[in-house]
Each structure stands twice: as C-alpha cells, then as structure tokens.
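Scrolling down, you'll hit the structures one after another.
Shared between the two complexes below is chain A, which pairs with chain B and chain C, respectively.
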Partner chain A sequence: MDVDTTSTTTTSLVDRIVVPGDVVLDLTKMENQTVRLGAGLRQDCDSISVMQAGKLRLSKPNKYWVESSQKRYIPSLEDAVLGIVVDSRSDNFLVDIKAPNLAFLPVLAFEGGTRRNIPKFETGTLIYARVVKANSIMNPELSCTDASGKAAEFGQLKNGYMFETSTGLARTLLSSPTCPVLEALGKKISFETAIGLNGRVWVNGSSPDDVILVSNAIMRSEFLSGTQQRTMVEKLMERLRGN
Partner chain B sequence: MGKMEDRIDGRNANQLRPLACSRNLLHRAHGSARWSQGNTIVLAAVYGPKAGTKKGENPEKASFEVIWKPKTGQIGKQEREYEMILKRTLQSICLLNVHPNTTTSIIVQVVGDDGSLLPCAINASCAALVDAGIPMKNLAVAISCGLMEEGSIILDLTKSEEEKLKAFAYLVFPNSPLTVIPKVPLSKEQPIEQGIITSVTRGAMPVSGYFDCMNRGVAACAAISEFLRRSLQKQSSDDTSRAA
Partner chain C sequence: MVGMMIDGAGEEADELVTPGEFLGEATQLVAGKGAYVSGRSILASLTGRRTITPPTPGSSDNRSTIEVVGHKAHGAVPQPGSIVIARVTKVMARNASVDIMCVDSKAVKEKFSGIIRQQDVRATEIDKVDMYQSFRPGDIVRALVLSLGDARAYYLSTAKNELGVVSAQSISGGTMVPISWTEMQCPLTGQIEQRKVAKVD
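Up next, the complex of A and B:
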C-alpha cells in the first residue's frame, strides 16, 4: 500500500485556513454545474486552487472565495473606498486608494457636476467614493455619486480623523448585524464614521476626546471576539470618564 | 549508520535546528516575516504591488525586485548572487499575470548568519509574500543538505559544517498541498512528485550523492512545509510560532 507522504486528501476545505497551492475543487466531478469563484481562487486546468492564504468560504449553492486580510487593497466594482487626492488633472483627479495603481476620479462625477462647478480638491483631500471601474490592467475609476446620480454621502470628508487598518477589519466593521465594537461605542458616544473597504477609516465626533477614544477602540478590536470587544470598550470608557 | 560521528551541536543527521516564524512585524511594510533556523535569522519585508515596471522588464507581467542587505560589510558579488537566485525562485512561484505592469519589492535583511543563509532567506521571503497577499501558485520551502566524506547526508548545515564539508546543496521544493483530489500513487520513475524549484550546489559531488541529497531534502521539506502551514493558520496581529 503506498504511503501518502507528499499530500493529504481531505473531503472538503470549506471554512478552513488554506495556503497557496491547495486544491479545493475537482472540476471533473462537477459536470454541468456552474461554480463562481471569488477572490483568492484560480482555475488550474481541471481543478480550482488557492492563490492567497486565508479562510475558504462557500456561499450556497456555488460561490467560493478566500477571505484574507491585507494592508493593500485590490479594487473591485461597487466598493466604497476612502481615497486621498494626490494630483489633479484637467479631466480627473488622481486619487490614492492603497491599490497597485492610482485611481482616477472624473471631475464631473459629482451630483450636478458640470464644467462650471468643478470642485477644487487640493493634494491631501480625503474623499469617500465608489469604485465604478476595476480591472487588473487599467487604473481604477471612482465616482462620488451612487448608481442613480445622487450624492448619497460621497464626496469630501471634512474635519475628523482618518487612520489606516487592514482590509479584513474594514470588512468586519461594515458587516451586518453591526460589529460589536461599533454598537458598544454608539451606546455612549455620538460619532460619525466612514469606512472604506480599502482599509481606511474616518471618525468624527463632537470633541477630540471622543474621536481618540473611538479610533483607539476600533484599532484595538481587530483580533478580539464580540464579548472581548464590549469589555474593551467599557474599560476604555471607565478610564476616560473616571479621570 | 553506526559509523556517523556526532555533529558539533549534538544533532543527528536528519535533525533540523529549531524553527521559528513570525509575520506582520513591520508596521510600514505591506508584508513582513522573520524566519529563524537556530542562529540563522533573516527578516524579509515585501512592498507592493506598486505601479510601473523597470526598464528591462516585461510590462505584461508583474516584476519582482530583491534587495539583499547583509549583516555587516559592503554589498558585493555574493549579495548580488543571492538577489538573483531569490528573484528567480520567487518569480517561479508567483502568478505573474494577475497584476501586470506592477513591481513588488522584497527586502531581505540578514540578522544572524550561522549557515544555511540562502534557504532561511527563501523561507522568510515566501512567508512575507503570503503575509502581503501576493498571488502565488504554491509555497516554496528550502533546506540545505551536506554530503559527508563517506557518502552520508546531513541536513540544515551550520556555518562550521559548511566550511568543513567538501560539497553541499541548497534545495528548494514546492510545499505539500492539501487537496481534495485523490492522490495518484507514486510511480517508481517519479519519486519526487511535485518537482524541484531551485538547486544551488557548492563543491563537487557524485551524481548518486546529489540524488540522495534530493531525496532527503524532499522529506525534510515536507516537515518544514507542515510547520509553515501551522504558522499560517494563526491569524493574530503579531503572530509567532515556534517548532523545535
């Protein structure tokens, strides 16, 4: 009987941490079925293998993807991101969204945007925008309107404080039901926040103390469970209110 | 087997030094990893993908640049050779058509050198690339094998062993994957299933000795590959894992 030393066979790798090179699906066994691949997976002749390390997820019936968390962002369509303007040209702004390429924000992509009322963004302006074009070859394109042309909270973010996180934490903060840390903070403090899926978070509150507290709580909550997050927020509040 | 003399640090022929790997140490780097095998410690940092490629590179593919920083001394030919070997190894395991016209920089800093420096650097760079999320075909696992006078093989050489031995080799293999496809039984002609990525040899050795090195290297790399998989399982802010 041959001893299997080089690779182990398992029935399913769903919901397990996979590394590049792992084969997760055998397409020869799945004739006449459609399989949808998300991030981190690629087709290698008759099998689907992993490109990035992370947790393999399955959404019934046929959507597979790898959930991983990085410091850089790979642009994908309809994501809300926070960008920083680095330059302005005649027809679009060049915006940094932590992606391999700089993104273009057309000068007219605002609600009621015409050639006469072009916004003046200086270098360093923080913008909340939506990705409308994203592929690996071209620079991604952004827009400050939603699909129907309304402003819908997109545009420049004034005041407040912006910090960077990993893409995984940004996704957790945006998940529904509400992330425990945001819920716990919202019970005691009033603040507003804009979360970009590219790993940038903007927080604004009534006083600098609140802003610092909320930002620190969010930054520390990445690797904590729900109850740990709530306890952490309570301790932070006690320490600040008690002093 | 009984005639083998003990190695200086008391290991037997097949024993590796204690391995330790920690990822995500550097705050600014997009991916970073520190890999140590005994007293050989290497810190690798990955920045990228960044826009644009260098002049001579193909813009339809992603390109890599490796910068090797020795612990002391100026950068010379040895460092350039390591950079070239590392670049070719990493280019062959990464998928180059996912982000065309980009450059990924890998900076390797030698923290301690006690033999097996190139394999340690390759392992560290691979872990750093995984930390940065660069798309890869599989992982690379590297080991050093030395050939003693009487034909026996020792693994994971220290600096003094490298200086005394007549011939040794650094071998890089792909990692052992988890797969849902039932494995085809190995045939006699293909003893090494997934092939070899890189082989650097120093000194003269007979062909049979080289194949012995490769067989031992494959077995050792399976163990290192298992350790790498376990260290990638943990996802914490500054995860460290050790194995003896």
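Up next, the complex of A and C:
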C-alpha cells in the first residue's frame, strides 16, 4: 500500500479519505480566519489533525468535518436514534442504542408525561427517541419529545421490521435531497420508515412482501451509486411482481 | 474471657487489653475512648493499652475515665467539618463518587468513599449544575465533609471558593492550568475544559 504523502504538500485533503494523524490544516498559514471543526477533527496547538478515519468534508466557508461509517454508534447531542428497552427503573428506562453505555430514557420524557400516566414498555420494545445528553463519561440520556415538548413522532414503534446498518448508511438515508433508493421505492410502494443515526432502520408497509422488499433494497444500497440503486430497485420489484 | 478486676485509680497504666475484655464497673469508672458500657460493666472495644485519667476537678462526677489507647497508630478518619483531598472515580448525572485520600493534610490508611451530590457542588444555581462541567474521573478535588452519610459513602461538598478541583489532566494527558473558577486549560494543546475550580492561594 502506498504511503500517502499529500499532507506534506499543499494539496488540499478535502473530499479525500483521511486517517488518524493526518494534518489537514496549518493554522499558521491562515491568519484572521475562523475555522469551525466538526466531528473527527482536533486542534493540536497550531495544526488541525484527524482523529477518525473517513472522508474529509468542507462546507463553505469554513466548516470542516470527517464523515465516517461504523457499526458502533458514539452518541452525540440531538441525534434521532432507535433504541430497544432493556430494563425499567423507577425513574427511567434503560435503552440499548448500540453505544458503549446503556442510555437512560426518563419515564416523564413524553408529551404530557406525569407520574400517573407512565408508559409501560416491556423488555424488547422498540423506541424512536432523541439524544438530549451525551458525553464520554456518563450514560447518554434520551427523550421522546422534541425541544418544545411535543411528541413529534417519537415514542414506541409498533409492528414493522427493524434491521441494523452502519452509521454511514443511516446518514445517507436521512440526507436531503432524498436518497435515490428511497425515492425509487416510494414511487411504487407505500411504506413508512424510521431511521436511527445509531445504525438501526425500521420499515413498515401494508404487506409483509412490501416490508421485505423495502428492507432488502435499503440493505443492498450502501455501496451503490444513484443509478445502480435505481436499477437494483427495479430488478427487485420485477422479481416480486413477476411471480 | 479473662476477667481482670480493678478498683479505680492506682493500677498499672500500660497493660495490654483486647476487645471485650472487662475493664471495670460502670459505677466506679467512666468509659472513655476505646471502651464502652455494657450493662454495669465497662468493656474494651479496641486492642491497646489501658489508661486511667483522674476526674477533672470541679466536675460533678468524681469517677476516673478509663481509655484504651490504640496499639497501632490509626490513620486519619474523616469527620464532619474536616477538609479532605479526594480523587474522583465516577461522575454520574446527579452526583460524583470520590475516593478520599487525605484528611486535614494527613493521609488515610484505608479507603474511604465519598459522594458529592449535584446540590453540593457550588453555592449558586444549584439546580442547574452540570456534573460533566464540574468534575471528570481522575480529578483531584478538595472538599468539605458534610456528614457521615450513609453506609456506602461520606457526603462531601465543594460549595465554597477554596473547594473544588485542585489538579486535573486534560484529554491529551497534560496537567491543566486553572484560568477561571469554571475553566482549566491544557498546556499541550491549548484546549479549555470546564471544571469547578478551587481558588488556591
């Protein structure tokens, strides 16, 4: 494997694969500029170096971040995630969100939640929630309301089918404009999905055939280009309708 | 049980006694440190040397005090009101667990656990305290013992200017320098981290 020496030349590393240790910006050469750092980047006195392997992205004018995709999820604030209830305590539910620690979901963190109407979630219940507190030393905390206290589609997800993906695919599915595979599926099938940034996707449709088709299409779309995704969806639908 | 009958002052003061050993009658002696009253007898509660102190002149009680002085020198034990130095072991949403290392500038001989609750971190706006911005695991803090607490830990407080984080390491591993009462800076990377910093003179 060739050693990448671009960090020693003046070529920009934006939109290229970077690995931990790469120096992407030299702040001594950029005077009087504000640089915003997103995920995966770290300031080391006068240089900005990479902490996480992935693709370096730049959003003009000055926001840099590293896009990476893993099976494991590191909780971050305001992410929408799909969690599975593991246990319930007196003041919160313990929810698994594929993070290093179990997350806490307070029993009152629901729209109109009071001590009298606490939801009864059994072990294994699938929940769509939002991360409200996340740091490296404590268990993350979730909430089933949005910032203003309304339910906003958060809460228990009933029926349907849930499968796991990488965090990168989950982010692609949530990007706008709509991801090609979802657009192609939406033209012919009516279905609903809930996508968790922690790498979990829930699909519900009017018949099991639809649910299976949509789930398979999404799972296969990760490394395909836009046109390849559309072709793949068409082939799947032909196979289903043809039988 | 070996019983030794003594009748008040005048006995040898350097006799070794063991816990449970009979020291005297409660009618003739007052139980001091290391001794306790059981029924009408005074028994030893420590292993050590028995000492008898004559009664203070002018007190209504003219009984001598009998004490057992520990055979080994005991380490310091936290008492309510003492200042302790502790290392933070775990930070949770509503409290932080610490290991008490020194009591009033004397090191402890055995491990004591302490808890700093969210409402005891600082004196102002105690319901808006974010534990993550006050302590991290590994920080050295100076705290005041509030009470003996429950069976698991002492209750500590850092709600004063001179209490709080005394020494902390940044994520990069450098020992941080305090720059205000809420911030410390790493000398290696320049990053600023939030802590409840103690005002050290």
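Simple rule for what comes next: the second predicted complex is superposed on the first by the 233 of 243 C-alpha atoms of A that agree within 3 Å, B and C clash if a C-alpha of one lies under 4 Å from a C-alpha of the other, contacts with A are read in each partner's own complex, and residues count from 1 in each chain.
Keep this in mind: a residue touches a chain if its C-beta (ideal position, glycine included) is under 8 Å from a C-beta of that chain, and two chains touch if they have at least 3 such contacts.
Note that the structure is predicted; figures quoted are calculated from it, not measured.
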{"item": "Partner chain(s) touched by A:Pro100 [first = chain B, second = chain C, both, neither]", "value": "first"}
{"item": "Chain touching more of chain A, residue-wise (chain B, chain C)", "value": "B"}
{"item": "Contacts of A:Gln70 with chain B and chain C, given as first, second, both or neither", "value": "first"}
{"item": "Chain B versus chain C as contact partner of A:Cys45, first or second or both or neither", "value": "second"}
{"item": "Touching partner for A:Glu141 - first (chain B), second (chain C), both, neither", "value": "second"}
{"item": "Chain B versus chain C as contact partner of A:Glu183, first or second or both or neither", "value": "neither"}
{"item": "First, second, both or neither for A:Glu111, with chain B first and chain C second", "value": "neither"}
{"item": "On chain A, positions contacted by chain B and by chain C", "value": "42, 137"}
{"item": "Chain C-touching residues of chain A, taken from the complex the two chains share", "value": "42-45, 104, 133, 135, 137-139, 141"}
{"item": "Residues on chain B engaged by chain A in the complex (per definition of touch)", "value": "30-31, 48-51, 95, 98-102, 130, 132-139, 174-183, 185-186, 193-194, 218-219, 222, 228-229, 232-233, 235-237"}
{"item": "Residues of chain C touching chain A in the complex", "value": "91-93, 131-132, 136-137, 188-191"}
{"item": "In the complex with chain B, residue positions of chain A that touch it", "value": "2, 4-13, 17-26, 40, 42, 47, 49, 51-53, 68-72, 100-102, 136-137, 222-223"}
